[in-house]
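As structure tokens, here come the structures.
Below, chain A partners chain B and then partners chain C, in two separate complexes.
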Partner chain A sequence: MGLRLEKRITVTPLYSLGVAIFSLVLAFAVFSVVFLQAGINPLTGYKEMFRLAFFTDYGLSKVVENTTVLLLLTLAFIVPLKAGIWNIGAEGQFYMGAIGATGVSFALPNLPLGVLIPLMILGAMASGGAWAAVVGYLKGKIGVNEIVTTLLLNYVATLAAYSLVVNGPWTCPERLPQSSLIPAAGRIPQIGSTGIPCTIFIAIGIAIILFFFLKKAKLGYEIRACGYSPTGARYAGISFLKVSLITMLIGGALAGLAGFHQASGVLGRLRYDISKGWGFYGIVFGLVAGLDPLVAIVVSFFLEGLIYGANALQMTLGMSFGVAAVFIGILFVIFIAGQFFLRYRIKWTRRRRS
Partner chain B sequence: MGFFIMVLQASIVFLFPALGELFDQRSGVLNIGLEGMVLVGALAAVATSDETGNPWLGVVAGMAAGGLLGLIHGFLAISLKVNQVVSGTGIWILGVGLTTYYGLAYVGPVEHALSPILGKLTPLFFVGLALVPLFWVILFKTSFGLRVRSVGEDPSVAEASGINVSRTRYIGVLIGGILSGLAGAYLILVYSPTWSISWRVPITEGRGFIALALVFFSMWRPLLLLAGSFLFGTLWIAGWYLQTVLPGVPVHILRMIPYLVTAAILVIISTERFRKRAGAPAALGKPYSPEE
Partner chain C sequence: MSTEKHLRGIKRGETVLEMRGITKRFPGVLANDHIDFAIKAGEIHAVLGENGAGKTTLMNILYGLYRPDEGEIYVRGKKVEFKSCLDAIELGIGMVHQHRKLIPAHTVIENIILGHPRAGKVLNIRRAEKEIGELCKKYGFKIALRVKVWQLPAGEKQMVEILKALYRGAKILILDEPTSALTPLETKKLLVSLQALARGELAIIPFITHKLPMVLKISDRVTVLRRGKVVSCLETKRTTMPSLARKMVGREVLFRTEKVKVKMGKPILQVKNLSALSDKGTLALKGVSFAIREGEIFGVAGVTGNGQSELAEVLMGLRKATGGEVTFEGKDITRSSILERWRMGIGYIPAERVEMGTIGDFSLVENIAMNLYFDDDFSQRGILDYMKIRKHSEEAVSEFDVMAPSVDTKAKHLSGGNLQKLIIARVLSRRPRLLIASLPTHGLDVGATEFVRNKLVEWKKKKTGILLISEDLDEVLSLSDTVAPIYEGEFMSILSSEKANKENVGTMMAGVRLKR
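Let's look at the complex of A and B:
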């Protein structure tokens, strides 16, 4: 008997959901080792993770708040990859967006909310978008490897935030490593008394629009064509430069919007550690969501919940710092291994010897 | 003089993972997860060195840990034919996660670092220098090297001429992983013997990604890679060194230099003139599945 791989032609949604759930369960099983090492019953651990994230008011509001960031960063990864372009730079674009939004609010502190907020959004999306569009242009024009350039620019953007707020021009009067407060008119209004910035609706709206844009619009078709076969797209008269530029611009603008949300809606200021590595989570989430903007909404909420829950375990069960990072790493590696079963079917065959 | 020694030390941190990645890519496998492998190598090295009191065992552990992650990348990218960028990203994120969580116990100065043998240079520095001609000879003067390169150029032709593509590529990822782990051990036991953890800026500070760019810069040639390592090492140290010369410029602005110059170099070598001469392995980044 021997093994033979056969390529799957079609995959039903139910089957891919099954593979995803199986991967998740397997990740839970492997992660149990981490719990056991820390002397914690895995079942208690998982129950606590879910309870903290989804069944406490504070946890749930934090999860929704962070889902805004993660959904936007996930979309920032998805849109360029639909065209075959790897945007690993959402982290840096997020920083640039936060810098742009904060900068606008400091430059025009006396504007009313109705004017200042839109200008801050514009500033954030323009900064994040421009930061990414440079990469998109270089990729489209001369084929510069976008993975390496976006990764390098992440460090530059982080250092830019550092130089602004750590003993920099924006450092707050108390000389702490953070900026002064964003003026009240530049703070995102919250949903009722929940404390959740209303940007979550914008993020979900964008995901829905992108779903239809990628599926129905002519440009969306061109993007997908480039992702499917760059050569084929070129023969069909599609400009890869245009697609590369636009998808990176959209991706960067969305990551920048997330930066605006975090600076203006959550922290009320720019901090040098404004991201908790979220840009990289966006990569994981985007791939787990199968590059589907609608699925991304659910995946962002659910996985952010697990991350939040795992982090909160540091408080309640005394787990060490970074436990969520291990979890997401394990989940991701198992998940991408599981993708194999979406693309191939294993057949047992009788081996013939010649 | 101090500056020159610092440059040499810094260069080796780039040289090890880049050399491994060069070999890996010559066999057709791209691994963007170098950063994660260097980190895990560093953690394994510091943990083993702390527990046993013997830094050389730390070096071995670092190499083993890096090699193991390399094999995981191989399993995903070669056996399961996962997209190599996805798999490399997984290795990177897993590496950062593992080091953040398990590294907590070792935060602080490393107790048992490697001691230098010549001036301020440790044996590992000379190992790094020696590996360059060795890799050149292996890749270009041995039949094994020819097999590696042919697998990276055209796996189906290689397979038809009797070469085991999967096995050759596994050797590639293994060597890539071991050398990345060695870089981690070097980083923590020689270069900067203080362990700290941070999800945002781990101790590697993006050196794994600069090493990746360095492979493209080298046009997949070990000797150019050595020159590139010295160039990048100089840039890295210059960012720190310039603070003392230009006290008015904020330190974080100066520290952008290595990343920006690396990006600029990448742009230059991507232009038509260089691309023609570069000779990237033709099958780089493509999973090999003979049945399609």
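Let's look at the complex of A and C:
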């Protein structure tokens, strides 16, 4: 018997779903080893994971809250990649957004909510967007590798936040490593009494708009053309500089919006550790979602649920610290490896001796 | 080695290889339909057919790249099975590809021994040189072995490819469009070498789409394929060009595109002293000046790589001019963007159909949109009117006879000829005033070639000025009103069609300046 790889010509949505489910089952199977080692029945473990994430009020509201961040960061990765540009810098753009939003609230603390919130959104999207647009410009104008620039700018952005809040100009009066509280008028209203900031609706709305934008808009067409064939796009008169600049601007602005959500809606302040590496989760989520903004909604909700469940599990079942990180690692590696099956099919060939 | 074991003591005229009932299906296509094919030692056996007739599939099966769904292959009467091309190579089958796979920065020897099983970890260049030298002597090749490949003319590169296959022990040579990149003179030389090869014990299979005269000149037998089936297999001397063409296309083919005289109008494009750099940064276009009038076909004849693609790209704005100026309908456009040029009525049919002319992952509708998306007629407030674009695409696809299951098919599933029809349909739908056509019939079959040429003539009648860039001398001569042979970035002359003939243009294409 021998193995042979064949390229897939078409991939049906049902098949993609099948691959995702298979990846999930495989990840669960692999992680079971960790449960068994801790003396826990894996089935009990997974049941607990789902219960904690999706079937408790507290858990579900936390999952939805984080889904807002992860969905926006996933979209921040998807839009530039549709044009063939790898935005590895959502993490930094997220920090810049949080800094921008917090800065606006500190500068104009006396404005009413109806004015301050929109200004904070603007500040967050502008700073995140500008941060990314620099990369887009350099990429489009002189071909500077965007993976390198976005990745390195992450460090600059996180350190900028650090220097602002750790013994910096924004440090809170208690001299803790975080900023003062954002004024009440600058806090995102919550959905009823759930404790969930209503930004989730904005995030889902943006995902839906982006889906149609990429599919139907003239600019969306230009973006996709660049992504599929830069040479073909150039021939058709599409300016790559324009597309590169705009997609990075959109990506950065969305990541910045996520930063606003986290600072204003969840923490109520800026912290140096405001992200838990979410900017990089967005890359994995985007690839798992097949760069589809609508699928990204489902993917970020579900995967965030699992990640949240694993984190909560750690405490309720008294497992060692770091188990959740192991789970996330296994989940991501297997999901990314599963992408392989979307592109190739494996054929068994019978070997005959002549 | 096993090659010798299988093919030792073979005699001229003996059947060395036989394919029986070969069938290969691809999704939606029956590429080969029970094909029988046999080749004898010492013969040149041409395989003729249009694009998509199944030639390439058949040859790839023979070379072990594909496995047939049905059918058997016999080498000297013994049934064989190829798991990969390594098995085919071992049995003495060699393939010389159309797109040369040589490494330009390496010497001829290094290229020949690259990947040879005996090359091992330490190269023994001296031994290889001796062996290859003997091969050259045996078959009468004259090639400097220590020269870097980039210094060789196209014809000699082709011979290096053949040598490479021979050095690997090939007794059956498959040649894919062997002369498509060669000048007439180089073609002649290559054909002589092929005939010398076949005089020995070798069997040679060139497969060819459109150069019928070549088939008639060199082959002993010819197999004609149409739609995956063998239409006929006969001795070349018993056939004629029109009958071969009829078998291949399935209908009568007119070989002469009728020369249409159109009263030419005012100059539409004026180019003065235009120069440009190649991708490598060398001066590829060295100050050319010419003008194209309404209803004129201006033919640039030359072997690819002499500055033609740079000329086309500068005119379309895809490449910067380093000097000179371009005037279109009285307006200086030297620095205009690509989009501006599309808008003002310049159309470009690029030689790179797959890389540039189409986007493979886009549907036909989206491909047609490449020339429409920027028009206000096709979008409203930034949203593309896909209904309208689809309707437009359906019309274009049916008018230009693009064969595709639907307009939602991705362009990458189309054959070369259909891709070219798609591009032409799209470009012409903009009703261009100036049309730049770069190698418009390159690699197309007889039917598609005729179609493309007729379209050019049709638009010439509509008073469009046409810049025709071609390697096919017959094409340039039969279509153009003015002929400019190009060599190393310069026009060797600009002749009216009455004064141009195959001899003087062919000589100038090779770099010889003629005295007036």
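Convention: the second predicted complex is superposed on the first by the 344 of 354 C-alpha atoms of A that agree within 3 Å, B and C clash if a C-alpha of one lies under 4 Å from a C-alpha of the other, contacts with A are read in each partner's own complex, and residues count from 1 in each chain.
Here is the rule we use: a residue touches a chain if its C-beta (ideal position, glycine included) is under 8 Å from a C-beta of that chain, and two chains touch if they have at least 3 such contacts.
Because the structure is predicted, anything quoted here is derived from the model rather than measured.
Colleague: After the superposition on A, what does A:Y235 contact: first (chain B), second (chain C), both or neither?
Modeller: second
Colleague: Once the shared chain is lined up, is A:L287 touching chain B (first), chain C (second), both, or neither of them?
Modeller: Once the two structures are laid over each other on A, A:L287 reaches chain B alone.
Colleague: So which one touches more of the residues on chain A, chain B or chain C?
Modeller: Touching more of chain A: B.
Colleague: Could you look at A:E222 and tell me whether it touches chain B, chain C, both or neither (first, second, both, neither)?
Modeller: second
Colleague: Should A:A185 be classified as contacting the first partner (chain B), the second (chain C), both, or neither?
Modeller: Neither chain B nor chain C is touched by A:A185.
Colleague: Please indicate which partner A:V19 is in contact with in the superposed arrangement: first for chain B, second for chain C, both, or neither.
Modeller: neither
Colleague: Flag every residue of chain C that touches chain A in the complex, lowest number first.
Modeller: Going through chain C, the ones touching chain A are 27, 80-81, 83, 316, 318, 337-339, 341-342, 348, 350, 352, 355-362, 366, 369-371, 373-374, 379, 382-384, 386, 413.
Colleague: Which residues, counting only chain A, touch chain C once they are in their complex?
Modeller: By the definition above, chain A touches chain C via 2, 9, 216-219, 221-222, 224-225, 228-229, 231-239, 349, 351-352, 354.
Colleague: In their shared complex, at which residues does chain B touch chain A?
Modeller: 32, 72, 75-76, 80-82, 85-87, 89-98, 100-104, 197, 199-201, 205-206, 209-210, 212-213, 216, 250-253, 255-256, 259-260, 262-263, 266-267, 270-272, 275, 289, 291-292
Colleague: If you look only at chain A, which of its residues touch chain B in the complex?
Modeller: Per the touch definition, chain A meets chain B at residues 4-7, 34, 86, 88, 138, 142-145, 147-149, 151-156, 158-160, 162-163, 166-168, 273, 275-277, 280, 283-284, 287, 320-330, 332-333, 336-337, 339-340, 343-344.
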